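Here it is, the structure in full.
Labels A, B, C, D, E and F are assigned to the chains in the order they are written; within every chain, residues are numbered from 1.
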Amino acid sequence: MKNKSISETRAYRLEMNEKILNSGFRDYNKFFALDNKAYVKGALPAKTKELMGLVASMVLRCNDCIFYHIDRSIYEGATRDELMESFNIALVVGGSIVIPHLRYAFDVMDELFDLKKNEKAQTEEKE
Amino acid sequence: MKNKSISETRAYRLEMNEKILNSGFRDYNKFFALDNKAYVKGALPAKTKELMGLVASMVLRCNDCIFYHIDRSIYEGATRDELMESFNIALVVGGSIVIPHLRYAFDVMDELFDLKKNEKAQTEEKE
Amino acid sequence: MKNKSISETRAYRLEMNEKILNSGFRDYNKFFALDNKAYVKGALPAKTKELMGLVASMVLRCNDCIFYHIDRSIYEGATRDELMESFNIALVVGGSIVIPHLRYAFDVMDELFDLKKNEKAQTEEKE
Amino acid sequence: MKNKSISETRAYRLEMNEKILNSGFRDYNKFFALDNKAYVKGALPAKTKELMGLVASMVLRCNDCIFYHIDRSIYEGATRDELMESFNIALVVGGSIVIPHLRYAFDVMDELFDLKKNEKAQTEEKE
Amino acid sequence: MKNKSISETRAYRLEMNEKILNSGFRDYNKFFALDNKAYVKGALPAKTKELMGLVASMVLRCNDCIFYHIDRSIYEGATRDELMESFNIALVVGGSIVIPHLRYAFDVMDELFDLKKNEKAQTEEKE
Amino acid sequence: MKNKSISETRAYRLEMNEKILNSGFRDYNKFFALDNKAYVKGALPAKTKELMGLVASMVLRCNDCIFYHIDRSIYEGATRDELMESFNIALVVGGSIVIPHLRYAFDVMDELFDLKKNEKAQTEEKE
């Protein structure tokens, strides 16, 4: 994964979601609304919910979903340790078949933390 | 589910785990140790981890695992609202195929909260 | 499966769905509404959609869902041959792991067709 | 997806299937024959069966299979609305984990309808 | 599991398979034939193939299939140690979600070995 | 797949595993140790265990895992016939949804046998 790949991954996701949500089939929009709402702060914080979505994505072995929930978890303030503990629950629940996705998750996590650090550094330089 | 069934479910689990852990095949014991450790308080609280295990169990559609993680979550202090939000993440991630397990989860949750209330009432009576 | 078991299965489903839909967590209701709507006649007939739901339920190996979609398919006019062709697609796509669910599907199908015949006979007697 | 990619996808599939069917292990040939036969017109039309195969492929999250069944469905006369209703059943049954495959399905569907239109236009020009 | 339950499990399986194989839908018979043939001695011994079927059944979490392949493996001469090593591969590949099926597998294995011992004892008494 | 791709696949696997095993989260190391140990010769030979891991990987549809277990099986002496019988068990258990992974498995198998032959030829030339 490179930074460019992160922005590309985010862009493709947005582009295709647009296509689906503008298809005229309105029940997709309702499903996507329910999906988004499931992770909004309620009795549980948004960060916890994103980490839950991450664990579910890992045991179901969906890299696109793993990318998305790591991205969102970090945005909601998840630390490296919290992510590694979440990865571990997924590994233990889902078994060695999860390992290729654990490799992907590490790759993505490191890129996203690097990106965040760079963005922060750039912001501070400008100040 | 009746209270008796809860104690039976817990008892069968213990009995069979004993059998596995005393089989002489030591790698089972190591796996079970890793499994238990994954839910111990670390960077994330035990309650959060149990709820993660619950969501993973629901999307993978394993009733025994659902029972166990609801039981443990409630023990770790999870509220009805927190459980319902966790169920909802599993429902949205896993789809309508999760609904039979959502029915089971509601059944178990209500029994376990009733049991907890009764135990508390009995404790207070004795005091 | 006995006729009684069919009515019990239907009754338990209704009872627990009531519980979920009256839990106060309104996003369950929205999900269930989307779920129901997915099988309503549109460009494709309701019978076709129920048979699609059946094939999906068989490859995902969910007996409760199999029961429901066979019940609904027969209500929408599916014949024994149409059901057997649908079962076969599920068997070929999902493999021998689907066989226990194929056994269940045959059991349920026969009971439901018997039930339908009896109901029809009773209706004609009364006339 | 580009038109070229469609022909490449079709070509790779054919090439590798040849390899398997010429491997000398005859039970592969029998399995493939059963697989093909499952979608042939019987009590249910071929289009319906292809759409069933599509829904099964989406809930089991297999892009190669999704490609194949969309390709075949369109060949058998499925419309955009029929495909979108089929996608929606898969989305509701399988949950948000299906969304990356819904994105893929939209991508493939649009390409295949464009391709069909172009082929038709070229045929008419020649007349 | 009791011995009676073992004979019941075997009997129900036979009865329902008869129903499917006599349904008049001949492609079921072809699928079942391929299924049986996959485990016949070839380059690999029958015992090895049954243990492979067992591992596949455990990671796919199908108790009926687990029962069948343990039953067949023991018939083909698999020992307790060979079964436990096979269970362990399934546990490691499939993760803790396999544990309820590991409990079931232990239960079934012990019953089947007891049954085999009793049958042998009865045979020797008669001689 | 080209020979280079085989070495790349092996290299990426090693590189990312290093990252995980040096992350400081020690339970990953324990899980990986259990994973490796599951395939070591015991009551069952290493080759048999690798073929079991292969069948499990195919029915769970994980290409990275399929690559690894074919690579290891061939190293442990598995023949083309033994591999094809193992693929067939996976195909029958897991159904047509496994076919894209069967195509991948054939591709990988042929490359790995070619590679082995070349390595042997080079060794003999040098002598």
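Basically, a residue touches a chain if its C-beta (ideal position, glycine included) is under 8 Å from a C-beta of that chain, and two chains touch if they have at least 3 such contacts.
Not measured: the values here are computed from a predicted model.
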Contact-richer chain pair (by C-beta pairs counted) among C-E and D-E: C-E
Selected from A-B, B-E or B-F, interface repeating C-D by over half of its contact pairs: A-B
Gap in Å, rounded to a whole number, between the CA centres of chain F and chain C: 41
Intercentroid distance (Cα basis), chain D paired with chain A, Å: 29
Inter-chain centre distance, chain E versus chain F - centres from mean C-alpha coordinates, in Å: 26
Contacts with 2+ other chains: residues of chain E: 27, 31, 34-35, 38, 56-57, 59-60, 85, 88, 91-94, 96-97
Pairwise touch network: line, ring, star, complete, or other: complete
Complex interface listing, chain C residues touching chain B: 13, 16-17, 19-20, 23, 25, 27-28, 31, 35, 56-57, 60, 62, 64-65
Of chain E, residues touching chain F in the complex: 34-35, 38-39, 42-44, 48-49, 51-53, 55-57, 59-60, 79, 81-82, 85-86, 88-90, 92-94
Of chain F, residues touching chain D in the complex: 61, 84-85, 88, 91-92, 96-97, 99-100, 102-103, 106-107, 110
Residues on chain D engaged by chain B in the complex (per definition of touch): 59, 91-98
Parts of chain D lying in touch with chain E, wherever the complex brings them together: 27, 30-31, 34, 37-38
